[in-house]
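Order as written gives the chain letters A, B, C and D; numbering starts at 1 within each chain.
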Amino acid sequence: MAVANKRLSDEEFGRQREEVLSMWHTGAQVDFDEAVEFNKTLPPAKNYARQLALAKETGAMLTRSDTGVPSVDEQTEYLKVLQEEGQCDLFGVIIDSLTRTHQYQAAEAAIEKSHRTGEWFLNGFPVVHYGVATTRKLTGAVGRPLQIRGVAPDWRLILEMGLASGFSASSGAGFISFSQFSKRVPLETTIRNYQYNYALMGRYEEAGVPMLPEISGGVGVLTPNSLLHAATVVDALVAAEQGVKNMSLMVHTQGNFVQDAAAMMALPQVCEEYLHQLGYDDVTLSVVATSWSGKFPEDPYEALAAICLGVVASVVGRVQVVHVKTMQEAVTIPGKEANAASLRAGKIVVNMVKDQSLELDHDAMDTEKRMQVAETKAIVDKVLEMGEGDIILGAVKATEVGVLDQVFATNQHVAGKVIGVRDLKGAVRYLDHGSLPFGTEILEFHREKISERESNRGGVVDYDTVVQDLFAISTGTLVQH
Amino acid sequence: MSGSEAPKGTLVTGLIGEDVHIAGIRILEHALRKAGFDVVALGAQVSQDEFVSAAVESRADAILVSSLSGHADALLPGLREKCDEAGLQGIRLYLGGQLMIGDSRWEDVEAKFKEAGVDAVYPPDVQVAQVVADLEADFAG
Amino acid sequence: MAVANKRLSDEEFGRQREEVLSMWHTGAQVDFDEAVEFNKTLPPAKNYARQLALAKETGAMLTRSDTGVPSVDEQTEYLKVLQEEGQCDLFGVIIDSLTRTHQYQAAEAAIEKSHRTGEWFLNGFPVVHYGVATTRKLTGAVGRPLQIRGVAPDWRLILEMGLASGFSASSGAGFISFSQFSKRVPLETTIRNYQYNYALMGRYEEAGVPMLPEISGGVGVLTPNSLLHAATVVDALVAAEQGVKNMSLMVHTQGNFVQDAAAMMALPQVCEEYLHQLGYDDVTLSVVATSWSGKFPEDPYEALAAICLGVVASVVGRVQVVHVKTMQEAVTIPGKEANAASLRAGKIVVNMVKDQSLELDHDAMDTEKRMQVAETKAIVDKVLEMGEGDIILGAVKATEVGVLDQVFATNQHVAGKVIGVRDLKGAVRYLDHGSLPFGTEILEFHREKISERESNRGGVVDYDTVVQDLFAISTGTLVQH
Amino acid sequence: MSGSEAPKGTLVTGLIGEDVHIAGIRILEHALRKAGFDVVALGAQVSQDEFVSAAVESRADAILVSSLSGHADALLPGLREKCDEAGLQGIRLYLGGQLMIGDSRWEDVEAKFKEAGVDAVYPPDVQVAQVVADLEADFAG
């Protein structure tokens, strides 16, 4: 059955729901009406969407830190430390990747082993395992909004469990979970699953509890922005159709201030346009910028410096949320103290840069924004055209022929023809644009930028340069000449 | 496998378990191919069985397992035994990435996986060129 | 006797020299000719001026870290750790403030007590106490240039000792040591002492060993840049007359990127103009930017973030040297590991920002530069006018009437009428310009900027605001609204 | 000294020894004057003798010593005795700034200076308003 961008009927939703909640025994604990009532008892200060809408209004920039550990007591302790010592505004709780891939038994064994040995054998918080009552205790331990984090082709049970337990936002999206977090699952399947996720959020929304998806179009590993923007727009349109009214769009900082800040401005602009064009006029968009997402320097102080630079770009880009990784990112799942310390550093950068309303060279910013918008539109327009107006039908076809594509994808169905590389200033450009429907202006722009680096080094920029670029920052520089 | 045109050896590569950290292994594959190896790239999320059957099919000389999510401890043990069962006695097993969660000492990590039958274990800061050089040395002649 | 800006005669220099070298018994160890020969045995990689000239040519940005501890073994260990673990390019060795104020006996007692107890009772390295042979062992322990650091009304013996011992640069200048590091000493006296210092460097230069003064016009505690620039130009002209051929001009970062970066460009430009105007055409100028120089946050990670932001501004300002303080600045004389860690963070920021040739909003930068240049010229022109072309005679008169002034000065002879305050974006403006010879354009510019902050807060900006501003950053923000 | 217009007390302020860190004490002086104290500000680089004679001349109620360079340990002891010798028995001594080099525990630092005769010792993160409030309390009535 072809998936189209149509609101799930109550019957279809109800049918899936039964299936979802029976995937693991704790699913039975979720009762939608009770969950809505529970969520209504929470103060607005704990609702993610409300806080982001407020931030957008007041110009505030909130910090978010993501953590995930297998023990619920320890996870609670983490959140408390982040709130108190890290002045953290928003909490992300990462779900372990065994749970995400439905390996509930293996996850349970790893939890048991973690408890027994006191060491950790699981890379996140297994929300499904703990269930509603226990997880509500966790979310009740802090006074600010929480997001349930992770990306997986089938995130439905995790989301049910999370939203019923006091989380009011969730990461993940259909295209990224297809292209970056699965291997053989077809796009139709992940999109169908995400229709469910968005529909669930939409139903909470209708019941008076705004729930927010944080939509990412891929990962920020040497990936040109428009590739990510286009996939983000696709998911935003899917979410809107299912009744989601508040969305956060993610930009992955990749090291060049102008490019990163421009991305934070271009993405909501172009997304807004498409929402409007397709008749979704009551959606509130916010932007979240992540920390550096490539390989980190091992040294924690170098890592912290790189994180701070990402925050600078994010404040220049006037986002609502700044995601702050930790100084131990290269090394391990971070300790809570290191996490809180990194957050404090991030916060003072937010304050210092925000206070001075820093602006970068306007010409450079304008060009960068203009190009990102043009590239994104070239892709999304083509997708809509291929779907005869239906973004999902279009996306499926576009993916087959590489009109939607990803760099370093994990899924075999992704064309994987696009290759990104840094230009002389460290901005990520298309070394190979694969089958993206770009006109000559766009292609020449990228070619030109890459050739600047070539002239500078007196040598060709090729896949070996891409390999060098993958180690950017971790080796101490952004661009190796 | 000594002629200058013949492949230096056949290698099966992939990320074990649910792992999706694909960038590192992709560039290793590129470098190894460039250096003259035949590479059978299984990509992300490869099970032990998939590693083994790909190695049998391709008559591989070695399996390169990458693992970054921190679950190598749960996902790797047993692979050597499966190889033996499938008739791949003595096939070289290489392992690299960010193997364990928590800051264990590298010596302990290395010892743990060697005990599980891995021939060579690599930390995340290894240079691509180093991996290639080691493999060339291991398959020289 | 009125001091004029005239090259010290050999007789006068020789006379003073005898006096200087007999201030403490170790002075007798200094033999100029032998010291020149010794310096000539050192590789160019260890000569400060040569390395800075090279950096200017190649666009390199070097990092410098300042340390000073009472034990020579420990100081040696510090330098080695900074070189190896901190990738430090230039070393500053801070002389303790007892030695600087000629309290040699007290310093000796503190050294003795430090050695005996293993704790430190002295805030720097007492170079005079250790003498030439021992200090040469110290400077010989590292392979990069060293600067002897500190400011004092009478720095002559310290400088003699330092330059004879393998240091090839020195901090300090006549006006700052008068206004900020002494209480009753008149400007004539400090300038006369600095004429000697510059003359000594000039004589090394003539003998084939370039020696570099790093000239600062004051301290960066809530001080408008032009006030500092003007004093810097005064000392540069004094140094040039004594035969100094390489100078580094210091800019104190104060938190607003545009203002800080503009200062790094405006200062060498205006200084160059005056050198040229007065016939000193063969002087090579370089610029050094310091870390934040106000009160630091106590938290080491916040402090590190603030330091990193200063480095961003410094790289945008295209300086040759970035001075990197440490994450323990608020707390204590830093340990070597913390120092090396801070340097690594500083270095990665240099690399990442330099790689992308970051430029800020051109209009804002142009305005800021133009105003700083205009203000500085207004002051220096007036000083020259008052001195009838002689910068020293002028400076003495100008200081009396507050045409040269300082904020938070320590010297009773400083008018101290000028008050600085932050504007809405955190740039430091003249709240009170005292007796500075400014025209209406300048005054209106500052008034305008301050009134923006007033409108924003809906209240007056006055001395209470100054008090708030003194705690900027240490309380987590740059501007308190 | 209880009328609303009369000064709340006379204070001598200054930085001891070779110290030039003047910003902190300057703003304290401002705040104290605003709160109704008479302040005799000696500024930077004040010797013990200068503190004492200024206090004698101005019939001060207290001396506020600031020290940031880290040498308070060497420069403060003896001040109480000099005060006593000059007939300033019982004059209140306040000390603040960044007193010691190295990261000694605050309790030890405080105890050390109290033993040397200081009545109240303040860490660098003290709020201006706190200092004013304490002095007002000490001189109430």
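Heads up, the rule we're going with is that contacts are C-beta pairs under 8 Å (C-beta built on N, C-alpha and C of every residue); 3 or more make two chains touch, one makes a residue touch a chain.
Owing to the predicted nature of the structure, the values given are computational and were not obtained by experimental measurement.
The distance from the centre of chain C to the centre of chain D, with each centre set as the mean of the Cα atoms, comes to 30 Å.
Averaging Cα coordinates per chain places chain A and chain D 55 Å apart. Work out the mean CA point of chain B and of chain D, and you get 69 Å between them. Taken as a contact graph, with one node per protein chain and an edge wherever two chains touch, the assembly forms an open path, each chain linked only to its neighbours along a line. Every pair of chains meeting the contact definition is listed here: A-B, A-C, C-D. Considering their complex, residues 97-98, 100-101, 103, 106, 109-110, 119-123, 180-183, 221-222, 298, 330-333, 408-412, 463, 466-467, 470 of chain C touch chain D. Chain contact summary for the complex, chain B toward chain A: residues 18-20, 22-23, 26-27, 30-31, 43-45, 69-71, 73-74, 98, 101-103, 124-125, 128. Chain contact summary for the complex, chain C toward chain A: residues 255-258, 297, 299-302, 304-306, 308-309, 312, 327, 341-342, 344-349, 351-353, 355-364, 425-427, 473, 476-479.
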